[in-house]
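Labels A, B, C, D, E, F and G are assigned to the chains in the order they are written; within every chain, residues are numbered from 1.
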Amino acid sequence: MGEPERPLDALNNSRGKRVIIELKNNKQFIGKLKAFDIHINTVLEDAEERVNGEVTRKVGLAFIRGDAIVLISPA
Amino acid sequence: MGEPERPLDALNNSRGKRVIIELKNNKQFIGKLKAFDIHINTVLEDAEERVNGEVTRKVGLAFIRGDAIVLISPA
Amino acid sequence: MGEPERPLDALNNSRGKRVIIELKNNKQFIGKLKAFDIHINTVLEDAEERVNGEVTRKVGLAFIRGDAIVLISPA
Amino acid sequence: MGEPERPLDALNNSRGKRVIIELKNNKQFIGKLKAFDIHINTVLEDAEERVNGEVTRKVGLAFIRGDAIVLISPA
Amino acid sequence: MGEPERPLDALNNSRGKRVIIELKNNKQFIGKLKAFDIHINTVLEDAEERVNGEVTRKVGLAFIRGDAIVLISPA
Amino acid sequence: MGEPERPLDALNNSRGKRVIIELKNNKQFIGKLKAFDIHINTVLEDAEERVNGEVTRKVGLAFIRGDAIVLISPA
Amino acid sequence: MGEPERPLDALNNSRGKRVIIELKNNKQFIGKLKAFDIHINTVLEDAEERVNGEVTRKVGLAFIRGDAIVLISPA
């Protein structure tokens, strides 16, 4: 298996790809993962907000504060 | 692609431009991004508060504590 | 533009002036900004509490713990 | 004006005097400010609890954890 | 007055005595204060839980995580 | 009395014994205390979940994140 | 008994195995534990979301922010 992978390595593999981010306030943002840091502060491009599966808003570029985030997964 | 961009670089590109800030208490503040720091403490100029899309108040200069923030995007 | 301004510089410009502080519990305190620190612990003079725009109490000097604060703006 | 005052200096001026402490859980404690530290952990003497302005309990000495506190002001 | 007392000194004076601990979840635990640390992690001996003034449970030894605590006072 | 005991020493005395852990979400987990660290991250063996005193689930080994914990006591 | 085990060692034993992760928002994610760090930021492979025991969604790879997590146990 080699060295155990670290969570931020896995996140790094999603850089430039579309991801879905779920927030503690139950909103979701979907967009291309442009940047993140160790606090999981995250920037999405071409982002849109979804609530209950419905697109509720286009936000373009979105800076999301890490501590608001629950989960990031491929879109 | 060069070096991976960091979230605060992306935020820096919005300096001097109008942004919308969404808070954990569901309020939004819109104004010109004047300053921010690593805690995402943020200062807006010519800011106004919006609740459910309605302008509810003009606040002029607004210092927003970083940990109250969920998202920052171009207005 | 010279050096980018930092949020606490902007706050420093309000020192000695009347500000409105909004808290996570939805209360507002209005008074003269006497002191603050990097945690945004803040001291107001001649402070009064407002709830839904109504003055509900005069508190004189008020020490407000930074992590209770959402926003500070000129009164 | 000399050096800008720091919030904990202002709090220090209340040492030995009666203060009112408001908590995030909406309770208030009133007593003589005996001690505090940089976390705003605070000790009151001859303290009593008030809920909605009513004295609900005498607690004598009260150690209050700083992160439970919203506001401290002269009683 | 000599040196200003620190909150943890006051707490130390209660070591070995019965105290009441109020939690953020509104429960109370009463017991003999056996140990605490700078996070206010606390250990009570012969502890019992009270809800609305009623003894709801005997827990014997209780380790309470500091960040769950609002207040500690003599029982 | 010798040196004052520290909370984690008390917790260490419960290592290998059955404990009950109460969480901020009001669930309880009961099991043999296998490991803990300074954040109070905790591992139980032969653990079961209880809600309102009823066993709701067997979970075997349980890693519990420290900041979710309110109280640990002997089972 | 040798050296006392640490919680992250126990978690490490689950690496590559299926685990169930319970979140503070009451959702559960089940998948193969691929990576975790000291903040308990965690990555699951072949993950699915469950609410009240029902599979509500397949998410494939899931990065879960540590502070959203209550419990991790073998699936």
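Structure notes:
Heads up, the rule we're going with is that a contact is a pair of C-beta atoms (placed from the backbone, for glycine too) under 8 Å apart; a residue touches a chain by one contact, two chains touch by 3 or more.
These numbers were taken from a predicted model, which means no experiment stands behind them.
Steps from subunit A to subunit E, taking the shortest chain of touch contacts, total 3. Look at where the CA atoms of subunit C average out and do the same for subunit D: the two points lie 18 Å apart.
Between the Cα centres of subunit B and subunit G there is a gap of 33 Å.
Residue positions of subunit A with contacts to 2 or more other chains are 67. Each chain touches its two ring neighbours, and walking from subunit E in the direction of subunit F yields E, F, G, A, B, C, D. Looking at the complex, you find that subunit D touches subunit C at residues 1, 4-11, 14, 24, 26, 40, 66-67, 69-74.
Put simply, subunit C touches subunit D in their complex at residues 12, 15-16, 23, 25, 29, 34-37, 41-43, 47, 59-65, 67-68.
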